[in-house]
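Below, chain A partners chain B and then partners chain C, in two separate complexes.
On to the complex of A and B.
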């Protein structure tokens, strides 16, 4: 692995001036990547590198790294490391003015702003891990809004069970004209597909497992960017996402994502349409009386009525009824309330189609109207 | 309400007596059940002759060998004990509809209201003695009282092969001269605490005002005050005989005869232990939510690491998967291991539990459930080792059984 640093920056004692606002914005954006545990002290530091008219900041926890930059008046090029959390907490409290950052001896760093003067204890920058270099070829452009929407529709279904580590991420499938994202924790599965895109450089199917941490961080970055395009690339070990001036890299998740095609329901013939917001409210109400551990609620589809109910020996029982247009056989099925609520939140209200088969088979939920994204959510029932 | 009539039936030197049935030459000799004299592990049971030398259960086998070199050391046969335990249970069931096996070799019977059927208490006890002997060839001791506590204390005093009835109203007088350690639940620590207050006999305890005991020992102190009067008080004693009490945890451990650092062997042992734990969960119709690994290294440093399952389980493979994940994460690779243990806790009954079905396993869970219940039926019929998962086979080891499992009441029972 090589380091993406101009060699001039490696020498000299850095001295720069940046605006508080710009610096704080980048510090805020990178906080999520800074290692919280202090087992490897250098990882709770930023790497600051000043070259040309730019300050670049790098944070990493070895799994994930984020490099970003902001404009700076560079008096002397150079680099240093600074404790990340402390710097963030301190800069937040500074007045809106220019901040001068200067490297001193023994890895001390001076921070001056107006009449505030602080010296922070840094570490030798040679300890900072080398970061993977953004590949020069094979870069794919994904519209930022598309990636953001896909993460929002699937990210919540990723498993955090360590024993099922291939489920600790979402699968992204790129084809020349479509993008698909799938996530599952073994109990439910979120699947979203968008066709009609054009991905230059993709031939056939390009499958990538994106770890949960990277998904979460991407979402934060995409929520706070004006960039319209994400540049995506990967090598054997690393995934790269460039969003404007920020570059997120993530260690790849190895392993085989389950064959999800096999579990997508094909003959769920009992189907109704309900208002998502109403359904969500009803589930939330009855779930107050569900068993606290299992969160099981019962859904009963009958002629003209969708009944939701829950009960537990400690708290009592509760039922809510929604009016529906349904004339088929009645079916009664148990679900984890949280799983249903997660989906309703992800679609933000609107009509929901519920498609069931029987009490033992997976149910499918999807938005009734969806031209842009083909979005489906599969939930396995609970035996109650 | 007329006083209740409770029997406590405790088999005399159960494991040893069963072994004697299979090998009559053992009769009258000092016998230690649990393993060979040079092996690691502990004594499961000792014959009365061996107990005279100070040998008692839970003592290391090697210590027992030093105390009583002439003893005959016998491997335990859990299947035999289980089999006899079932026979004992059957005999007891013919005396009362309310029978609670408190461990493999002792039981409580609620005999209230059986006078017209079995006659007065002593006659019923006599009949039980005779029937037990003829059906199992084993001796037992029977304690009779108006509470479970009295029944339990009396049976210990009646040993061996005796009957003791403490008449209602006479409880306090009967208990007064006995050591406080005779009270079930009073262990070494409590005994020491009481001794520090100058309390040695139960009579001393009974003279203290309840409020003082409560002040010093909280709820437990109040229960103790009740116990000193011969009442059932506190914890398990507050439940009815035969009332289903869910255990707090189920666990199995294995100590290697030779420490090992072989990942294969270690994981294989974990498989076997998971199998045993899961089997007992299914037997008790329980589901576990928390799985714990216990790992003791050569130098006796011991770690326990637990994980909460996404949904409760009673299946071998699911429990093993968790334990293995914990093991791979926490075992110092290459370090020799002395003991491994698997524990299941946060137990709840199946009736109340809703099971989340799995999306990706293609009905694997269902098939495991079916396969394992078939395996359970084979074990019921042909013994515990008749069927086992292949990955656990490399780790077949002797199952160790204890007459008074730690999870059940009676573990502090005084040596009769």
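On to the complex of A and C.
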């Protein structure tokens, strides 16, 4: 890739023709990375590089960069930069036809399509951040469906508090035959593991902290691809995810992900199985009357029934009862309603296993029918 | 460009470079010094020395090549006013809804972020600091050290608190430079987490010799005058705008004359009414206030038998006449009055009226004469 870029730069001016549909598809795919509210030129420009019969375009917010490509008729190889937001807004409005992009002097770029003719000014290409080069060794293939499922099961639990920077990402642990992903914000923790995979090139344990922004972007990319594998690699400073013709790179976060093994409950002996959709609906109802800031709801497990209740001085009180098969000791515990709803959403409303110990210990939620994923969700209790 | 191009304060520069050489550079440095003393220039030089791709040495200490891609890109931030003007213009071109939430930042290299006070209030705002706290824990991409430079100590309260959080636990690969005219403006909790280094004022003869080399377009008299008026700041001296200063000083003299000798106020009003409210009049008012303070100092030197310290050497005669009309107490009162004017203007009092009031209340003859 580095070699391509060098030769492209050497030829200077660039001239290509590309179909509007294809260009717009790739522009749309990269919009998530382009920042709108910025005055920094290197954040608001695309880098266009035309080599062979391919146009590759790159967007970056410096922490994250996304490079994608589409087929193009390349008349003159070369590269240029174009204001990202304006280009996207403009191309969307063009008729479905061939677009000719040509680099002029002083970073001006001309865009012609049918009888439309536009000129925009980019910036010096040398100011565009150098893109990390995809490593040739140590590339690990992860099935796209697996990665997508794991991100969906953990991504929501990542902390967005800026002061807890080691929690601003999810930890991915790769072993030769399993993959695990963990995310937490200090109040709840999502842990998902899938065994029975085969990862060539992984020996021992390979731990990677994937920043939240990269997780979000990966999810979008995985949702819109038909590629079956994601090629993953990393070097000292950068993470690489190649999905089909798109390459997402992210700078690595510093810091140690906390040792989460200690918080995984080992002896939660009061367990009950509930229909997830019903539980979710009940929680949503009573949560309307929970304290607005804490969102706390009380969960009471008794013989034959599970009671959910909430009250606040301003709005009143509410209770819902679910029938359950349970004849152990009764236990009452408080949880943040949102945390429970997040989990129920992530498992799509199937049967949920609630495992508790006492009012002071973390509760564990799992899908009752463990499919191919070993998925557990730990929520810290609240005092109410 | 290299450290040899930095003029003055050799000891401080030496100290900073030694810390670089020993790999013991602090994570946060407050560089204090009068405007134009080279705080920003020095911070940018250090950023390059930390990240130069083919680092050189001079005098046995780390230096930078000025030619590699890190050096040249970072050097684009040298003309800060131009970069800020570009950013402000870019913001003007954003959609109306985005405009309000967009802050001015200068980033010419992925690992160097310059944070200037955000216009029009000219304060560092919390969104600007957030940009730092969001990005600082990412490893550097093309450099070894992520560098952040705050060019002003005028922080909004939440912004300062937000910065404090980062200062409590900065990553090993980041360095913050906080530039200020007056370190006292920072929260004590911020100060205590930073190393404070001061770029001291240079003596006038040193500045005169610098000017002789770099500003041959000025004659000797002008150079001597500028050397005294620049308050020991090399950068300030090199870019000194004699015409603007003379204009501000002429107005300042009118105001002081009106204050010292009660009389016809029409001249005074003609002058003060040109100090308009709003952001555009700010610069002009600042210059006037600076000129006023300097004239008061000169009056004090004249009145106390140290005329060789007088800065406005070109108007000695006029100053002497004025000095005879006032005593030390008057100067003290005037300085206090000026201080009140400054405070009032910060609270958005009308500039012209504040200046009128200042001139009208300082009449020695009316009370003591």
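FYI, the second predicted complex is superposed on the first by the 373 of 384 C-alpha atoms of A that agree within 3 Å, B and C clash if a C-alpha of one lies under 4 Å from a C-alpha of the other, contacts with A are read in each partner's own complex, and residues count from 1 in each chain.
By our rule, a residue touches a chain if its C-beta (ideal position, glycine included) is under 8 Å from a C-beta of that chain, and two chains touch if they have at least 3 such contacts.
On a predicted model such as this, the values are computed, not experimentally measured, just so you know.
Applying the stated clash criterion after superposition on chain A shows that chain B and chain C collide. When the two complexes are overlaid on their common chain A, residue A:253 makes contact with chain C while staying clear of chain B. Contacts of A:238 after superposition on the shared chain: chain C is touched, whereas chain B is not. Of the two partner chains placed around the shared chain by superposition, chain C is the only one that A:62 touches, whereas chain B remains out of contact. Contacts of A:293 after superposition: chain B is touched, whereas chain C is not reached. Contacts of A:129 after superposition on the shared chain: chain C is touched, whereas chain B is not.
When the two complexes are overlaid on their common chain A, residue A:163 makes contact with chain B and with chain C alike. Using the contact criterion defined above for the overlaid structures, shared-chain residue A:37 touches chain C, although it does not reach chain B. Contacts of A:45 after superposition on the shared chain: neither chain B nor chain C is touched.
Residues common to the contacts of chain A with chain B and with chain C across the two structures: 162-163.
Here chain A touches chain B in the complex through residues 161-163, 184-189, 258, 262-263, 291, 293-294, 296, 313, 334, 336, 360, 362, 378, 380-384, going by the rule given at the top.
Against chain C, in their complex, chain A makes its touches with residues 36-44, 62-63, 126-127, 129-130, 132, 162-163, 165, 168, 211, 236-238, 251-255.
Contacts from chain B toward chain A in the complex involve residues 289, 310-312, 321-322, 325, 329, 352-362.
Every residue of chain C that touches chain A in the complex is listed here, in rising order: 69, 73, 76, 86-88, 90-91, 94, 98, 101-108, 110, 130, 133-135, 137-142, 165, 171-173.
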